[in-house]
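One structure follows; several queries about it will come next.
When the chains are written out, they are named A, B, C, D and E in that same order, and each has its own residue count from 1.
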Amino acid sequence: MRSIISILLLAFIAWGIVTVIGEIPFGTEKSRVGGHYVDQGREETGASNIVTSVVLNYRGFDTLGEVTVLFVAAIGLGAALATRRKKEKREIEPASLVLYTGCRFLFPLILLFGGYIFIHGHLTPGGGFQGGAIVASAFILVYLGCRGRRISETVSKTIESLGGLVFVVVGLVGLAVGGHYFLLNFLPKGELNTLFSAGIIPILYIAIGFKVGSELAGVIDHLMEESE
Amino acid sequence: MILVVSLLVLVMLLAAIAAFFFKDLMSAVIAACMVSLIASILFYFLQAPDVAMAEASIGAALVTAVFIVAIRRTERYEK
Amino acid sequence: MDDAGLFSGGPNPILLVVVPLGFAFALPLIGFVSKKILKYIPVGVFMFNLVVALRLLPLVLKQPILVEIGGFSPPFCINLVAGPVGILFSALIALAGLLVAVYTLVYIKEGPEEKYHILYLLLLTAATGVVLTGDIFNLFVFFEILCISSYTLVAYVGNRAGIESSVKYLIQGAVGSSLLLIGIGLLYGLFGTLNMADLARQIVSVGSSSAFIPMAFMITGLGIEAAIFPLNSWLPDAHSSAPSSVSAILSGIAIEVGLYAVVRILFTLFGLSSFFLFFVFLGVLTLLIGEMCAFSQNNIKRMLAYSSIGQIGLILFAFAIATAYAVTGGLFQMISHTLGKGLLFLAAGYMIVRSGSMEISSLKGMGKRMPLTALAFTIGAFSLVGLPPFIGFPSKFLIIRSALAEEALIFNILIGLILLGTVIEGAYFFRVVQVIYFQKENEHQKRHEAPVAALIPMFLFMIAIVAIGIYPKLVTGILDSAASELLDRVDYIRSVIQ
Amino acid sequence: MSLELLLIIAFGGAIVTYLLGKISCRIREGFAVLISLSLVVMIACLYGENGTESIYFHFLGLPLIMRTNMLSWFFAMAVSALGALSVIFSLNYMKNRERTDFYYLMLLMVNASMLGIIFSGDLISFFIFWEMMSWSTFLLISYNRGPAVAAGLKYIIMSIIGSMAMLVGVLSLYATYETLNMATLAELIGSASSGYLLFLLIIFSIAFAIKNALMPLHTWLPAAYAEAPTPFNGVLSGMLTRMGMYGFLLIMYVIVGATRALNLGSGLFKFHYILAWLGAITIVIPTFIAILQDDAKKLLAWSAVGQGGYMIVGIAVGTNLGLSGGIFHTLNHAIYIVLLFMCVGAIQYRTGGERDLNSLGGFIKKMPFTFIGTLLGISGLVGIPLTNGFVSKWLIYKTLILEGYPFLAFAALIGTWGCILYCYKFIHHIFLGQLPGKYQNVQKAPFSMLLPMIILSFAILFFGILPGIPLKIIDTIGTSFGFKSMNVTIWGIASETGTLNTINIFAAVLIVSIIAWLMLKIGPKAVSVAQEDTYAAGAAIPKDKYHYTVDFYNPLYRMITPYLKDFIDAFYMKFAHWIQSLCNGTRRVYTGYVGNYVMYIVLFLALLIFIRLKWSL
Amino acid sequence: MVFSQVIHFLQNHIYYIGAFGLIFIGLLIILVKHNLIKVIIGLSILETGVNLFLIAVGYISNGTAPIFSNPSVETQRMVDPVPQALVLTAIVIGVAVLALALSLAIRLYQHYGILDLRQIREQKW
């Protein structure tokens, strides 16, 4: 009964969508704004990955919000899961030597890969979020493989805070030096397609990378805390 | 090409429907993970490599990990 | 504006968002230095915001300030539009935030306090962002911050009720934000831009037919936070199980910001005029359902939460009439609801702490045990019912006046229903006032007033309620220009896109 | 400026009194008396100035205007004087009660807002003060706790209904004429259609009828009167309830105007005619319910409902005589009902709150001044010549007979018979009969209680013998409404339709009483016999069984009780319960299952899309 | 003939079908299922669908990714970068919401011992 009603209602909505989707033909150019970014993006921001330039420069304010969302979620998750922790150390069966060594061997490599992704965010696909996620997955590996090893909460909190602060401060510096514009790309744009280009974009992406990495790792950490 | 895409979409939707029907939450999560993975491939086909990377690393991997942890801490079967 | 420095020609409105955000990020670091000063930071930040907003108010009354982020011109960047509406709401948010933050100094004593303060800061920052932004995706992002911090703050206490409400709120909120995102996607597909002014300009040219479906999605998505009738099921649970200081903000700010977003989308983006009757009905329905549900509650906070639904219904009704007079009334009612409901929740919070129960019957004898808090509650209740000389009266007066000016039979019937709602509202509020003052209390309960830091914000709320109630001219000037900003699409478009 | 000052003193005084109470009770009480007396003095000084003045600020673009004319001066004098007397009476009565600060604050607040109502020259300030009066009254009615809580809730709910109706009326006037200034409205409204005027009158009448306890809307009053603190009963019954009268005068004769107001509707269904009939019903039924009461305050409360009917009949008939009768009766009723409530208050004060008539009795020797006050009070209430009630009732009867409303006159007459019955019951049960043993040591009422009672007693006689003084003012009010002037003399009315000359009556009464006194003097001396001797013919009956006032009027009770249930109140209560169960049903919408909630969301979206696609709005 | 029509239809609509298919299946799971984890899975599928839809809106036929890694790329046929930026944001927001939801689910389970939403109804009316 319930599912029939649901399907009926969804069918109505689908009907509505069908009427409007015809006006959004697939595969055609629709956006003047997008075209502008593609045409002007290189000159205006100095990043060769236009998505990155949109994410961090044209729509940088969204990204600040996005970083904040993740921050809120991490904090909120901590608050929600904050119980009076009983510090009874259960005996954890240690992982086998092969697994342990493998994890320890892979961990810096994955970190390095994540770092590469977010440092080259303005040049190649990828960026702070993807790199951060990869960094976090390195920590997951450590949690799973090398039981008992934890990221220090102090360190992760510091990194989170600093990452956010860097973003805000860079933005405010833009406001200060450039007059009325928050998040102004005030640094020299550099030469296209080189690592040191695109002004503030790499700085922001590195900050985001660290922040996202530590936050996602922290999320996993919090969630796994009691399951052991 | 279009047939490959159609097939992928079909599999994706089937996976989603499977996620609807599985009583075992772990299987449902894996099905959802599969949805994300195929979506990530579709993103790549749609010329969005950034998004594809993000979806693969965040949507498929991390979310699934979080789900699994959560299921381990609650219960595995939908009653 | 080209050569303007940081503070010349008035502070930059972006500071209203960025400074609290920065402090929220910095809070964990400050926490390493000293845990003690953490709780004073929100107070300081909102003091700063209030000053900035009040400083900007006279400027934006002359001309809205356009903030272009990143130094590009709209529609190629995200822009903030600091018009009278935005700054008015920012000031209101900062005021409520400041007062509730002072209250929080003593109210929140247990749990992860540091996280509470961060979430609190971010909640209000997001609210400020929503009211200032001129870009729909940015609106979505700020909305998400608002929602997510609300979810977590509702669950802050971590008891059964809190977690349950939070989960339910989260599910509905997440569905809502997905719907909102679909709407945004459709709009982008149709018009190829995300800037509200740009969209508004193009929607005129296409006509409202194809724009309706995205509007429906967006209204549904935003309507969940705005607590419009069938979408507000989360509200009584969430508002009643959150800590009272959070309830004050959720009721006083969050849902109104949600409603602001709905109204902004409706007025500025779509400019639909033929569909407003639907929202008029919806408003009255929301009002009646809210008041009727509140009528038979035994839980004081739940009662207040349902009363918020009723108030939102009234505000929606006012906005949906869509005359300058009515919109002024709606904005006025928003202010009066923020002040009144904030005060009620703060007062109820400490009464609950002292009596140890949320049952209305356990508030017996509070008039004697905590006379000042009881007075605060009474004034808040009277104001919400719309009795003079409190702020609720002029706002209700304006709304009903504007509805009568419509001179249609249907409006007369609706006014009748609204007044019926007011009578019900009066009935349940007066019942509580009677319980507080006139029910026989248990013996030997000594006077145990709320701490000073909790009383000060209550007093300031009371002063504001009475002052504006007696002399509404304090705000009507701003409200008038805010109303004209909301109604005048063309002017809005022109002020953003030269 | 002076009126503003008056109101500032009134409201500010209330708040200052509250604050002073935190320092010392004595200062507070002194200050309260000072404030209320200074209001009387100020009004007396300002008396007679006619004019308008605007307060310096605007409310939502509407100028707030204060105006004075004879109507307002008349009511203002009464309000301030009775208010001052009530405050003086409270001094002893409220001593050692809890939360007296609060009591004085609200009492003075009620007085101040009544003055505000009376002086306001536009409907918005009228409404503001009206609402302030309503909620401060609410807080006072519930002051006594216990059953008072329910009474207060009933009062405030009905009051809100009334004020919401009034708000609609006010706003509709505002929407139509863009002004709320009474004087301007009175000019503009001449062009309005009859239908609109009828709507206005009905919607305002709801508000005023609730306040004045007109019959189908009276149910708040008995409970509220019975449970309110007794000194406040004076203000409540004397003036506050009669603000409804003021409102009727205002809307019918000031704003709509006599010529239009008396011609609305057709045939038997003229507005004022129906109003008069409602008044008549209000005279008859409550009067008989009053007879049934065993609670002194309830009895007076029902009596007040009934007397309100006379006033309505008086002003609704719409001639100069009737109008004067109605207005004068308002004043007279205020005087004696306040006096009677004060007597009950004095009894309560001395007996520790006893107000059950069946357990009182024989207080005549213990509290003689109170007895005399009560005697004068009920004389006025019944309308015995040479008391003020006679004059106003005479005016009303005269009008009804002259204008050819025999049924209304008959109703008024029945009301008076009933009135005699309950008045006798009242005085007999309290002062005559057997003094219960536990009240052997009851003292006289203290001076601060006696003083207002004495003043009011004098007022009853004074206005009874010299009715010309207030009638002169009332005549000015009547002429300002456009009625023909009556020929008022200091002793009464000399007109072609009927003369009233109290000096003749006075002479007649004087002669009769001298004769009676002489006969008493000449005849044999009365011998005082112990009551036990007469009552049980010498048989030994336990002392506490002597009380023979129980089941007074028993045959009458049995006859009329079945017809006199307060079925209206029962209906309202049933309605309230129905609303409550409706509310209870409504909230089941929020089922608690989140799946349903999401369903609502999807439903809403589907509905929006459906409406759009189906009807293409 | 029919085959080519089908191919044409698929070319134009297959991504939309996939996206809205996911959206509706996600909504259906939320509406019909009463296990909290299952509902959260539904949310995740819903979000994926929305993201797919956004990207599909921004696609331009035979376009290239908006990255100038080798300078010879012509700008004419680059796909729209804006939806990609939006989806990046949306993905991160999605994971934040999901993680929060799951953590709350864990807490709820600690309190109630069940995940059946039909039975977790202490807050109602």
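Details
Everything below uses one rule, namely that contacts are C-beta pairs under 8 Å (C-beta built on N, C-alpha and C of every residue); 3 or more make two chains touch, one makes a residue touch a chain.
Keep in mind that what you see is a predicted model, and the values were worked out from it rather than measured.
Among the remaining chains, those touching chain A as well as chain B are E.
Of the two chain pairs examined here, A-D and A-C, it is A-C that is joined by more C-beta pairs in contact.
Innermost chain of the displayed assembly, by C-alpha centre distance to the whole-protein C-alpha centre, is C.
Computed centre separation for the pair chain B/chain C is 38 angstrom, with centres defined by C-alpha atoms. The geometric centre of chain B is 76 Å away from that of chain D, both derived from CA atoms. If you average the CA atoms of chain B and of chain E, the two centres end up 10 Å from each other. Averaging C-alpha coordinates per chain places the centre of chain A 17 Å away from that of chain E. In chain A, the residues that reach two or more other chains under the touch definition are 2, 6, 10, 13, 16-17, 19, 24, 30-31, 33-34, 37, 49, 51, 58-59, 62, 65-66, 69, 72-73, 76-77, 80, 83, 125, 127, 129, 216, 219, 223.
Residues of chain B found to touch two or more other chains are 48-50, 54, 58, 62, 66, 69-70, 73.
Residue positions of chain D with contacts to 2 or more other chains are 587, 590, 594-595, 598-599, 602-603, 605, 609, 612. Which chains touch which is summed up as A-B, A-C, A-D, A-E, B-E, C-D, C-E, D-E. Contact residues of chain C toward chain E in the complex are 137, 141, 144, 148, 151-152, 155, 158-161, 163-168, 170-171, 174-175, 177-178, 181-182, 184-185, 188-189, 194, 236-237, 240-241, 293. For chain A in complex with chain C, the residues that touch the partner chain are 16-17, 19-20, 23-24, 30-34, 36-37, 44, 57-62, 64-66, 68-69, 71-73, 75-80, 82-83, 154, 157-158, 160-165, 167-169, 171-172, 174-176, 178-185. Looking at the complex, you find that chain A touches chain D at residues 2, 5-6, 9-10, 12-13, 15-16, 19. Here chain A touches chain B in the complex through residues 49, 51-52, 117, 125-127, 129-130, 133-134, 136-137, 140, 216, 219-220, 223-224, 226-227, going by the rule given at the top. If you check the complex, the residues on chain B that touch chain A are 48-50, 52-54, 57-58, 61-62, 65-66, 69-70, 72-73.
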